[in-house]
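Input: structures, listed below.
Here chain A shows up in two complexes: once beside chain B, once beside chain C.
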Partner chain A sequence: MSGMKLSTDIAAASIVTIAAILALPNFLELFALINATVYVSMSVLALSLALVWGFGGILCFGQAAFFGLGGYSYAVAALNFGDTTYAVPVAIVVPALVAAALGYVMFYGRISDVYMGAITLTLTLILFNFVNSTAGDQWRIGAAPLGGFNGIPSTPPLNLPGDPGNPLPPQSIFTISVVSLLLCYIIAKLILRTRFGRVIVAIRENEHRAELLGYDARAYKLGIFVIGGAMAGLSGMLFANCVFVSPTMFSLFYSGQIIIWVMVGGLGTLAGPVVGAILLNLLTTWAGTLPDISPSLILGVILLLAVLILPRGVLPSLAVLFGHERGVT
Partner chain B sequence: MSGVATLLITSLGLAIIFGMMRVINLAHGEFLMLGAYAAILSARAGINIWIAMLIVAPLIVGVIGFVVERLIIRRLYGRMIDTMLATWGLSLALIGAVTMIFGNTVAGFSAPLGSFAIGSFTASAYALFLIIATIILLGGIWALLRFTAAGLIARGTMQNSEMAAALGVSSDRVYAVTFAAGSSVSGLAGALIAPFSGVVPTMGSAFIAKSFITVVTGGAAMLTGTFSAASLLGTVATLGTFMTTPVFGEVMMLAVAIVLLRLLPQGITGRFFRRAL
Partner chain C sequence: MTALLATEHLTIRFGGVVAVDDVTFSVATGELRCLIGPNGAGKSTLFKCLTGQIKPSVGRVLWRGRDITGLDSFKIARLGIGIKTQVPSLFDGLTVLESVRLALRRQARERDARAQAMATLERLGIVELAPRIVALLAHGQRQLVELAMVVAPEPELIILDEPTAGMSAEETSRAARVIRSLNDKHAIIVVEHDMQFIRAIAKTVTVLHQGRVLVEDDVMRVLADRRVQDVYLGKVDASLQVTT
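What follows is the complex of A and B.
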């Protein structure tokens, strides 16, 4: 992958972003725009797993845990500070710290694939069960009631930094989400260009060999895992801004969906999962409006077919079809 | 006790498939659900409830398992992650399909057998039946694998399929039968727990994670491992439930599982009872 390729990829992504910011708010109704913001926040989530799984080779069944943690820490912090300026970094740091702790347990314990899946899944379940049971007044952090099954409907939207009396309108939140997505994409791209990123990919390809060459695989995996956790936290924050936080953010259904986006979009690519997340979300929303067909049937069949027929994902398969042997990233 | 038995019986089908074939069947929860539906529907159609639970449910789910193995799992042997993803897709699809056909409502049937009293202590006789059924099932599977020719062939194929094939065993068929057998155990378990849990299309998701964790914590020796893990985790969950709330009982159990996996990354039987089945 040459420097030319990197800059054209980033330029293309930027053009799409700017076009989205300029065009979409003009012809989408408010409801559709909020939906679009949700999809963009999901894309950030997909991107985080694309990095952890597609490049780090770590199959994390619990990416939704960091997503939910990001949303909840944002809501709790914002309600306590009365200002969202400092809630945003909190929403990124808390999931990153949890990812660091979990990653330390897993990678330094040399836990293998299946067991890692079990542990990440378990963490998600613990959080889901725990948050679900926090109904009632005794469960509050500072000024923020956790609300149990109902979540926190009073999750405040972002405001201008340092100006809590001035919440941003949905249009600005859409812009912020799209820009965040672009930034995450660029950051991911750049990470993969660095020595760190190259070692990560080397470990994915052959952990044993990378270790024999003197790289501490545990530390590198921990690093990419924490970055992924932080990114998922950011996406949870964005999601909390357009809907509100509730325990479903931790649910098995979300964890599964993220994996489906990445798988269908193309494992080992960055743009694929982003596109996959948006398309599959559109599809799920559309399927929800159909009278007799359950959306989970459609999602399930898509995942099945993706694994059986296009194990490399839609985007890489298309790329092969059009003769780009290296595939897109 | 009934907590342990429930955990054990709902994990057993998964344990067989994972232990024998190294395949993680994430549609396991839906196999339980299908077993429960098979039992309830056939009981409503006028079949005796015991026949519905003990014969019809495992039979139907076993057949479904066979079809799933032929259509999906067979293509993915040796690709553990892909199998997990494919069965996850299957699980979503089954939930969706059953919701479409039967609706998203709770169907239930009350536990047969009533309750009995020992002094001032009453317990549901069905809970006792569940415990006994679990023990019989576990013993039956063990005896089948340990003493019969079919069990020997199955174990041999799992250990070294090429060698088994060289000795004239059709490993393809053994895999299919094993998967079907595991599925039918899941179907039986689903039918047996249905009176406790209620029957909804999404009931599987309540069990899959716990079963998955139990089996993984158990480790490679499927029966001993699952038995010891289920006893341990089930006891922790029950104690936690008594001391606090059911939710925290479950949280405690999951936390214990994480700690266990950190200490014994190969599961309980990776360290103890290594030569057990």
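What follows is the complex of A and C.
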């Protein structure tokens, strides 16, 4: 990837971001704008798996776990602090720490890929069941009741830094979400340009060879896994700002969907999964309005079609169509 | 003088099977050593043990006198040991140039890595392959690309596992030339069973049979050795007779 391609990609992403910030809040009704914010938060989640799976080669079924942990950490911290300023870093650090602990056991324990999928999925399901069973007043962390199946409806929206009396309106939260997505995209791009990023891709291609060249694959995989966990935590925080946190964040539904977004958008690219997340979320929402047909069924058919017709994903296939053989990232 | 790489009473068991049995041998700086033996002699197991892929049941592996038994592959590589596997182990999705740069990136600065990578490709006569995607290369080219990755960081010792596997006669003779020229700068251990190839490159040969060292001697004397001929072919083969 040349430096010029990098700056072109970042410039293009920035233009889309600015256009979205300027246009959408004016066109969309409040409900639609909040929905759009949810999609953007999902895109950050898709981006996190794009890094971990598409570039790190780690098929993680547990990205929803870090997403949920981010959301819950944010809600619990914000309720306890009475201010969201420091809840934001908590929402990023907690999932990153959990990813570090889990990743350490998996990568340094030399657990094979299949088991890794099973372990990450299990973590998500354990958290789902655990959080579901936290109804009742005894389940609270400081001032924050965990609320069991109902979640924490009182999840506070972001306020201006250091000014808890001033919660931000949905328009500002939309802007923050879109800017966060752009920043995550740029960070991911830059990571892949570094030596660390190159080695990560090499390990995806052939871990054994990378080790024979002197690279400690375990450390690199742990690194990208933690970055992915932190990014998923951020997306959970953004999501919590649009809706509120509840155990569904840890559900099988999300764990599976994230993988579909990445596959349909284009595994091995960054922009693809973002586009995939937005397109499929729009589609799921639309399908939800149809009578007699389950949105999951439609999603399943789309996944099948995508795998059969566009095995490389929507964005890389479009790139080939328009003559950019090497695809997009 | 301390040997570059040595093993002491190395034994590797898998359950009741003894794959490598009390092997003690050493390789000196700048040496070219061939490790040969018929199928099942324990060559590949020994290779895997030297390169950190399996741990021995008994015995030690020494690098410049330092015990490196059971070190992980990546730590062994960092000592300055280049490792080439039997089936080329490559980064299929990357270009040849990027692959060789990765081999250098651990020690070279970003800017120098590219120039050094190109110099290595030049040295192996495959500079024209630089922009090609590795997955699209022919088998012989893949072998050379892997060799380029192994050689690029200038390791003190190169261990090659059956470098001519799947090569045509012409490619084999080219590989022999390449390996001899590499020996100018690097000590080399070649694990092989192709006798013709051994004759083309070897100086000193260690013969393994049923996990043990059968003979260790100059190549001509080894090829003339009755025991070696027996274990290799079960009978004497005229093509292996040394004419003096």
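Before moving on, here are some points about what is shown:
Everything that follows uses one rule, which is that the second predicted complex is superposed on the first by the 329 of 329 C-alpha atoms of A that agree within 3 Å, B and C clash if a C-alpha of one lies under 4 Å from a C-alpha of the other, contacts with A are read in each partner's own complex, and residues count from 1 in each chain.
In this section, a residue touches a chain if its C-beta (ideal position, glycine included) is under 8 Å from a C-beta of that chain, and two chains touch if they have at least 3 such contacts.
Quantities reported herein were computed from a predicted structural model and do not represent experimental measurements.
When both complexes are overlaid on chain A, the residue A:Val105 reaches chain B alone and has no touch with chain C.
In the superposition on chain A, A:Pro89 contacts neither chain B nor chain C. Contacts of A:Pro167 after superposition: neither chain B nor chain C is touched. Of the two partner chains, neither chain B nor chain C is touched by A:Pro25. Look at A:Leu121: by the touch rule set out above, it reaches chain B but stays clear of chain C. Touch criterion met: A:His208 reaches chain C, while chain B stays clear of it. In the superposition on chain A, no contact is made by A:Pro157 with either chain B or chain C.
Contact with chain B, but none with chain C, is seen for A:Val301 once the two complexes are overlaid on the shared chain. After superposition on the shared chain, chain A has more residues touched by B, the comparison being chain B against chain C.
Residues 195, 198-199, 201-202, 204-206, 208-217 of chain A are the ones touching chain C in the complex.
Chain C makes touch with chain A in their complex at residues 51, 72-74, 77-78, 83, 85, 89-94, 98-99, 101-103, 105-106, 110, 149, 153. By the touch rule above, chain B contacts chain A in their complex via residues 24, 72, 75-76, 80-82, 84-86, 88-97, 99-100, 205, 209, 212-213, 216-217, 245, 247-248, 250-251, 254-255, 257-258, 261-262, 265, 267. Here chain A touches chain B in the complex through residues 59, 105, 109-115, 117-119, 121-123, 125-126, 129-130, 132-133, 252, 256, 259-260, 263, 292-308, 311, going by the rule given at the top.
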